[in-house]
Each structure stands twice: as structure tokens, then as C-alpha cells.
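What follows is a pair of complexes built around chain A, which joins chain B in one and chain C in the other.
Up next is the complex of A and B:
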């Protein structure tokens, strides 16, 4: 796995089957500098594959802030409303709310205490707010990341196995408007990587 | 910010405030960290001790299964629960296990928000421990309801009887609190594990491993665009789990505090229960970490410094628990309430005094040994102390539950609780369930948070130039 610096592993192959080019680095400083330069060079369809989140790399790449927290806030709000509705409806109402399924509330009269006792409804309201937020937080994170994705050119390449171990890889996709094989490879050589790998579809 | 110069190599146990002790020892590149942590997972066979522990745990778990089966076909009469001590071992065990389940999420969430980087070496198996402990906890109320096949009545499910659960009851709050806690802890654990599962997938040596880890790793490929959302999601989960940790044992304490019984009906219960839960949870983390660290050879990641930090938390929370015991007594006297005063005098000097003094010696006196540095640095002494703490915390729940129920207001309605062999066997069996799950975890899943550990190494900082200190 230790190729001399900057040597390409690629043969002359048609650009048609090419999904992208990957430059491999062995340090966080290397990938950070490379990501900064790639962004400055005007590439848009590029990504860094790293074994752990490198501090500041997302900013260097120009990744926009995710909308996730806003969505999670509304999920939490939904949980709160569901909890209040559930408790008020099931413990105090005596009407049949749903037309198709016959559901009526059940009134427990405990020592004449109010049916809608707000303080007693707080714990469940809190728990459901947290539950809805947490489940949607994880679900939306995966959804926005387009995961699960069990097939991907990066997962396919046996040369990319170390991106979850100790190597840092910058990938420029062939669909980038500025991408041509020759220019991209020349650009990558200038980044001084450990090696450059071709990725097929 | 200037950094004061240090002219000697930094020691992991250094108390010099000018220096930041290393969190990972003897490693300067990421590849060797991966290899060393996964060595045990990737070994052809686990060590012999693992097999022995697994067989014992599995037998204990089988005993639990048999006893639960016996209970289901016979009825709760096989237990020592009686009137007035309606809550015997099952509720004591429930509170005990839920309490243990608190350290995991505390370490993951609260220490994460406080940017305590030392958490990275212990959070994964503390989270795993949390989940297994909550599974054990959930079992007990489930079988305590008597007609186990009607356990679904706990949930608000539309049914032909037009019946709904009673939302003004703390017992129902418990269903939601523990259910939410389990779900959120599981998500937290799993999300944290995705990058490490991808590492296992990429290092798999056979097809079965590659496919199994490949599916659970959901195709994670370490994309920085993914990491960006991932980190945000992790932070949000930590922020959500923090109040959750504090709420769960508060809600459990409401089961007692909302009742009218002397010794239960006190406002100190929620904070006192939460401190006790963190206390017992950290003790259990140490009980598991010390042998696992030895067996799996993880001394470079779970350093003596980590162990020492946990001892300090045990000392702090143990002292809080001790303070709560004292304050309970003071308020019982200060209230001038005869039943309340009696409940506490009775705890300390009544028929269950032995249980009370076991509790005090294990929970209040034992952890005070951690004031001594020599003890905080001797892992096997720590191991023994944590065993006592675990024992003491079980007795705390026994004292709270049983003494108040057995001797409440009218002497004519007093009683005496005595466990049966089924009670004891079920409790011992629950340790079998816990240990079986834990042993499977340390064999098949990444025991430490590999990607997080790499992230706290000095080599991970992209701006750390030669000799310049950015820490």
C-alpha cells in the first residue's frame, strides 16, 4: 500500500467508465490543504473521505450548514403535541373522535381530582418530545446523507479500504463540470498525494 | 494564549495543571490504534477466560429463563411479595438496574457537552452496559404485573374495552421514561458505532463478516459531507439525552415520592436518586472496565488516568448520596412528623437494620477511600471497592422499598418481607443476562469508539505544526 509519492496507479482507460479520481493522503494536514486548494480551484463535486471528522475540514470544503437542527426542532414540537393530545384525549374526553376506528376516552375519577391535571401530564409530554426528536434526528441524519447506501464506487474499490482506518482521501467526481481526466489528474499531482486512484462506476 | 514551557515528558498521571496528559499512550499513528483496538475482535478465538465467563453467564441466564417460566405458569405467589410488602425484589431489582443504566448516557451525553475528551475511551462500553442494564431493568416490572400476557395494557393502544392507561400515575410515566431512555440510548450507541462498524467491514477477512458488518454499517464511507451532519446529529442527541438522563431516575423516584408512605414521600428523592444512579453506574463501568481492559489488553486507551477520573466521580456522587442519607434523617426529625421520624429510626435500628448498615458502609464509607491517590491508582483495589458499591446500591433500593412498606402507619398492618429462592435466583439470573450480552458485545462489536479516539489524538489536528501547541 506504500506507493511512492504522487505516482498514479492508473492505466489509459476510457473516461466513460470513470466515476472519479481519488487522491490519498496520510495526514490530516495533507487532506486539509488539499480540500482548501480543490475548493479554490473551483471544483464542486468533490468530497473527502476520512476515518474521523477532521476539525474544520467541512468549512475548508465549503460544506453548507445542515438544516437538521431545524427539522429536529419541529419533530420535537410534534412529539409534544402528540403527548398532550394523547393524554388529554385518552384520560378526559368522552367523545368518539375517530370515525372509522371506534375510540373513546376513559375518565378515571381519582378522589375527584381534575381530569386534565397539567402537572401530571408533564413527564410524558417531556419524554415524547425527546423521543420524537431523537428518533427523527437519527432518521433524518441518515436520510439527508442518503444512507443506507450499500453500493457505492468508493465502497467497491479495494484500494479505498483504508478510508475507515488511517488514510484521508480526496475524491473529485467525473460529473463535475470542470472535470477532465487529464486536468484533474494534473491538479491532484500538484496536491502532493501519496497516490492517485481511479474509481469506476 | 501562551503555553507555559514544560521540560520533561508528560506523564499520563501528572497532576501539573500546565500540561494536558495524553489520552492515548504509545501510539502516534491511526493505523496502529485501529489494529490494537480491534485485535480482540479480529482474533480467531477469544481468550480462554472469555469462554469460561460466557458459559457461566449463559447458565445463569438460562436459570433466569426457567424461573421466569415458572413464575408465569404459577403466579407471583412464588415470590416473597406479600401484603403489606407488595413491592419486593422485582421493584428493587428494577430500580437497581435502571440506576446502573445511567452511567452510559451520562458519559456519552453530559461529558460530551462538557467537552471532556477522556470520555472517548470509555463511552462505547458504558453505553453498551446502559442498554443491557435497561433490558434487565425492563424485565422486572414486566413480570411483576402478574398476568404477563397482558403487559401490553401498559401502552396506550386502542382496544375493544375502550380502556386507556391512567396518565396521572407515576407508574405510567415510568413506562414512557424507561421506554424513551432505552430507545434514545440505543440510537446513541448505534449512531456512535456506525463509523467503527464500517472499519470492521473494511477489515473483514471473510464473506460473512463483510456482509454482516456491511449491512449494519449502512454503507458508511467516511464522507466529510456525511460527517458534518453526523456530528451535528450527535451533538443534538447529546443535548436531548442530557435532560433525559436526569429525568429517568427522577421519574423512577416519583414511583416512591408520589406515594404517601413515610420514608417515600419526600422531595429530596429525584436528585438523590439521580446521584445514586450515576454513582452505581460509574461503579459498574469500573467493575466491567477493569477486567475487560486486562483481558483485552487496552491499557493504552483506558489509561490509569481514565480509571482515576472515574474514581473521582464515584467519590463525588458517593458523597452526594451520603449527604442525602444524612439530610433524609435531618428532615425526618425536623418535620416533627411521628411517622416520618419513625420510618428512619426504624431503618437504622429496626428489623432491617442490617440492610441499612450494609448500605451505609458500602455507599458512604467505601468510596471515601478514593480520597487517597494510592488507592485511586491501584486497579484491583478499585475493582473490589466498586463491587461493594454495587452491593450497597442494591441494598439502598432494598432499604427504601421494603422498610417503608413493611412498617408504615398502623402497627396492626405491619409485616415482614422475606425473599424466596425464586426471588434470589431471578436476581442472580438477571446478572447472567447482563453478562451474556456484554460478553457478546466485547467479542463482536468495537469495544472502544475508534473514530472518536483517533479524533482526540494530537496527530488528528490538521493545524498542529511542528512544535506548536494548539491544544
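Up next is the complex of A and C:
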């Protein structure tokens, strides 16, 4: 607790440069309990940084289930519709645009089958459904996670390096409506962390 | 914390085993007896086809279970340790299911096989050049040897996995797990060959001229549908009756729901469609003749029922997370899938190719009108025998399964990966 930064802070120091407060723990049990208490204390803008997945931590933090599957479903549905439209359009289209331009599809007769042959359309429909789902799944996952993230305040502090090794860190961001420098630190002290570090923007 | 005690935790089903056995046994024997009785001591073509239908449905469910058990060992799966035991119990039925095959074997051996399998009639086979070429494979001797090999392999594999697993309950020897893992790749290769050729011999050969290289895979998806639907019903039922609530968690049920979705819905449709598309595209009479009756008359309705009820509807129902995590809902879907599984086996076995009509017809419309006025027989003869045979065979499987479940703990208690299975959690 010797380098708890609160000691060096003066009461009138500006909170403007402060991005958040980090509490460091040396065990999964510590971070798990801390995440539970932080959620129960009503903080919303907080996150946990851990060197490996901690089972149950997202539940302790109260992380909501993602909306990604619903979005991917509609992306897949779009792929299906695009595939069917594309094939019907290119295979059998025959329209006159204002009687001036004649647009004709590639009306190939394949072994005497009708131009709109549903069985033949299935592979493309399947593949495009998968393609739209997969690409949108990855893309939307990155978007919803706000990735790629080229800069993160937690990486700026040299004291936070051990989160990639053997330490577990809980950060409460200063933009949380309940956040004030004093109350957040007092709350963090109650979590019994190894130390508390303040993070700059 | 993460252990199971077979004396507590409701892992001994006690009288439920006897009750299940009695109910299954009465339905099973009653169903088989009714099938024979209603036909007047059996012997008609419809009787034998119904009997084959029931036998194949029962075998499919148990084969799916055998595959599941070996799959868990081949992948050294930790999550599935607890649900493996009920699967072992279902697969264990393969130890006696060969008895149900004996009548068919006797039928072929006594020279009356042509009532079920046209290839048993050698004059019919000699009359056609294509069929004559197949006589080296489709003859009573070789066919019987193969059947005995399949049934023996299944019985031995099912016995090995069940007895090793039960022995581990008693002595806790981890080397049993290693032994089961060592045999799993060999077993699964044997399983792959036997179930493929069994489907060829017992279903595809009903129409000896026809062939499809995808048929074995299709049969595999059929048996997976039957098994995953059955085990979901069984486990939800056991939990509802207060057994194994700690052993079979919502996470396991969720995973089994995923497997039903993957194998029974998506993979089934994928293989079924692939088989259809290749034949449809090439449009060669010897291949398309099998699909012709299935697109004529009332079989059209059954085909559409399979596309919509075996694929489209369960696809949408099982796609989301919540129905798979809601045991009651999943059980309803599994019951529906089990019904669809039976319809699928029915659709595979019952239709008959109207060869003479196909050879002479000059248009599809001519076939349709012929089917409509009853001059062309496409095998649409729904009978009470179909139902009694299926219910009877599945009843016997239920009887055997509850017998097996009653004799031991319904989840392994000394498996080295038990703790992993009980801590299993999905995100």
C-alpha cells in the first residue's frame, strides 16, 4: 500500500487528466469479489483486465449478453435474399426499361431445366448466407468491441504491465456518473487491493 | 464438491428402472405381437417392410449412441462424461438387437426373401444386365455374412464401452479410460464401414438397381437425429423425475441441443440435399428412379414434410440460445425431431419404384395421372402395421435402456474427467 497514489494527491488537483482508477489484485478470487462488489456498488463504467480468462467473471461484472447473434441472423438472411435475387436476376431476367433499353439475363438452357431451378440455386444461397454471416460476425464483433483499439490508457502506465502476467486489475473510469476521485478511491480501498494506481488519459 | 456419490444425488434410479422396463417391454412386445397378429401371423410384403422399418429405427437410435460414446473418447472430451452413461445404456441395446434381425435372416435363408428384397429372386436378377452384375455382392450368402459381421461388431463395441465404463465405477482405474481411448479410433472406423454397408444392404438394396454413394452418410445423419433426440428426451425425463440433477446440468442439455441442431437438422439437410442435387443435375434414369416415386402422389407431401419439418422449422427453433437452455422446450423439439426421424426412415423404406411405368411413360404428367387413378403403385400403403412395428421396436429399446440404467449409476462416478464435466459451463 506504500505507493497508493492518494497520498501524493492534493485535495484540489484537477480530475480532468484522470482517466480512471485501477485496483490491482494478486488472485482470481480477489478480482472476482471486487467485480461483484463494484457492480453492486452501482458503478457502470468499469472493466477487468486479466492475463487469462477467468470463468464467471463476466457474470460477476454483470456483463449483458451480446446482441451479436441477432445481428448475424439478419446478415445471414440478407445473404440468402441477395443470393436468390442474384441468381433469378442473372438467369431469367428479361425486361424493357421504358421500351428503350432491353436488359436480358444469361438465359442458358442447362440440360433442359427451367431457367429458375430452385435446386440449382441452393448451393449459392447457402454459401452467400454463410459468407454474409461470417464476415458480418467478425466485423460486427470488432465494431461492438470498439476494435481495433490503437491506444488504451491502461497500456500507458508502466505499473500495469503485470496484467499480462500474474496480476488482475479492476479499473473504474472517471466518466462513470458515480465517479469522484475521493469516493472511488475510498471504495477501492474497501476491496483490499494490492495497490491502487491512477491512470491518465 | 465436484464429485458424484451414487448412493446420493439420485444416481440410482431404483424402481424407475423397473417401471421403465415394464412399460417399454409391454409396449415393445405388444407392438411386435400386434404387428404379427394384425397381419395374420405375418408374411405379407407390408408386414416385412413394417418390420424392417421398426428394426432400422431401433438400430439407428442405438448406432447413434455408439457413435456418440466413441466420439467422446476419440476427442478425450471432458464436458460429456456424465451424459456418456445414458448414451452407453442406449448403445448397450446393440448387444441384443441382433435377435430382432434373425427373422429377416431366416426369411432370406428360407428363400422367401423376395417378399422384402427383390434381389433374392435370382431370375429377376438374371433378367437385367445391370442387376446381374451386382449378384456377386447381392446374394444370400455374402449378404448374410456381412449382416452377421455388422451385428457382431456393434454388439462387441457396445459391450466393451459399457462394461469398461461400469468397471471404472467400481475400481476407479484411470487406465480403463486410456484403454477406451485407444480403441476409439479403431471402433469409429469399424463403425463407419459397418453402418455404411448396413444401410446399403438393408435399405438401399430394397431397390437393387439404384445406388448413391452418399447413402451411408445420409443414414449416419438419420441415426444421429434419432439418437440426439432420444437422449435429450431421456435426460430431461430423468431430471424431471428427480434423478441426476447435479450430473446433468443445463449446460449439458444445451450442448446436446446444439448437437441435435448440428447433426440432426443442418448436417441432415446438407447431406440429403447434396444427394438429391447430384442426382437431379445429372438426370440419369438409373439414379433418378429412386426419387421419382418420392415426388409422386402422397409421397410428395411426405417429402415436403421432411424439408419443412425436419429442417426449416427445427432450424429456426434451435438457432437461438434460449430454446436449447429451456429443458421443457428442448424436449418438445426433441419429441418432434424423433417423430420426423421416424417419418424419414419411413420415407427411405416404403416407397416403391414403378419400374414398368417409368420405362413406358412418355411424360411426367402421365405418371402423375397414373398414380392418381391407382394404376401405378408407388408403395403408398399406409398401414397400422407401420405404426405398431415402429412403436414395438422403439418400446423394446426403451425397455433395454431402462434395464441398463437401473443396473448402475446413471452417470459415471469414478471417471478421471468427472470434475471437468460437472464444472462444464457455456458462455
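By our rule, the second predicted complex is superposed on the first by the 171 of 201 C-alpha atoms of A that agree within 3 Å, B and C clash if a C-alpha of one lies under 4 Å from a C-alpha of the other, contacts with A are read in each partner's own complex, and residues count from 1 in each chain.
Simple rule for what comes next: a contact is a pair of C-beta atoms (placed from the backbone, for glycine too) under 8 Å apart; a residue touches a chain by one contact, two chains touch by 3 or more.
As the structure is a prediction and not an experimental result, all values here were calculated from the model.
A.B. asks: Record, for the superposition on chain A, whether partners chain B and chain C clash or fit.
C.D. replies: The answer is clash.
A.B. asks: Just checking: does A:137 make contact with chain B only, chain C only, both, or neither of them? Give me first, second, both or neither.
C.D. replies: first
A.B. asks: Is A:111 contacted by the first partner chain B, the second partner chain C, both or neither?
C.D. replies: The answer is second: A:111 touches chain C but not chain B.
A.B. asks: Identify which of chain B and chain C touches the larger number of residues of chain A.
C.D. replies: B
A.B. asks: Could you say whether A:69 touches chain B, chain C, both of them, or neither, answering first, second, both or neither?
C.D. replies: So A:69 meets both chain B and chain C here.
A.B. asks: Between chain B (first) and chain C (second), which does A:182 come into contact with in this model arrangement: first, second, both, or neither?
C.D. replies: Neither: A:182 stays clear of chain B and chain C.
A.B. asks: Could you look at A:120 and tell me whether it touches chain B, chain C, both or neither (first, second, both, neither)?
C.D. replies: A:120 contacts both chain B and chain C.
A.B. asks: Touching chain B and also chain C: which chain A residues?
C.D. replies: Shared contact residues on chain A (touching chain B in one complex, chain C in the other): 55-56, 58, 69, 120, 123.
A.B. asks: Once bound in the complex, which stretches of chain B touch chain A?
C.D. replies: The touching residues are 29-31, 33-34, 156, 158, 162-168, 170, 172-173, 176-177, 179-180, 183-184, 187-188, 190-191, 195, 198-199, 201-203, 214-215, 218-233, 236-237, 240-241, 243-244, 247, 251, 254, 451-452, 454-455, 459-465.
A.B. asks: State the interface residues of chain A toward chain C in the complex, per the touch definition above.
C.D. replies: Against chain C, chain A makes touches at 55-56, 58, 69, 73, 111, 119-120, 122-123.
A.B. asks: Which residues of chain C touch chain A in the complex?
C.D. replies: 273, 276-277, 280-281, 283, 319-321, 425, 427
A.B. asks: Give the list of chain A residues in touch with chain B in this complex.
C.D. replies: 27-29, 31-32, 35, 47-58, 61, 63, 66, 68-69, 72, 86-87, 90-91, 101-106, 108, 110, 113, 117, 120-121, 123-124, 126-128, 130-131, 133-135, 137-138, 140-142, 144-145, 147-152, 154-155, 160-166
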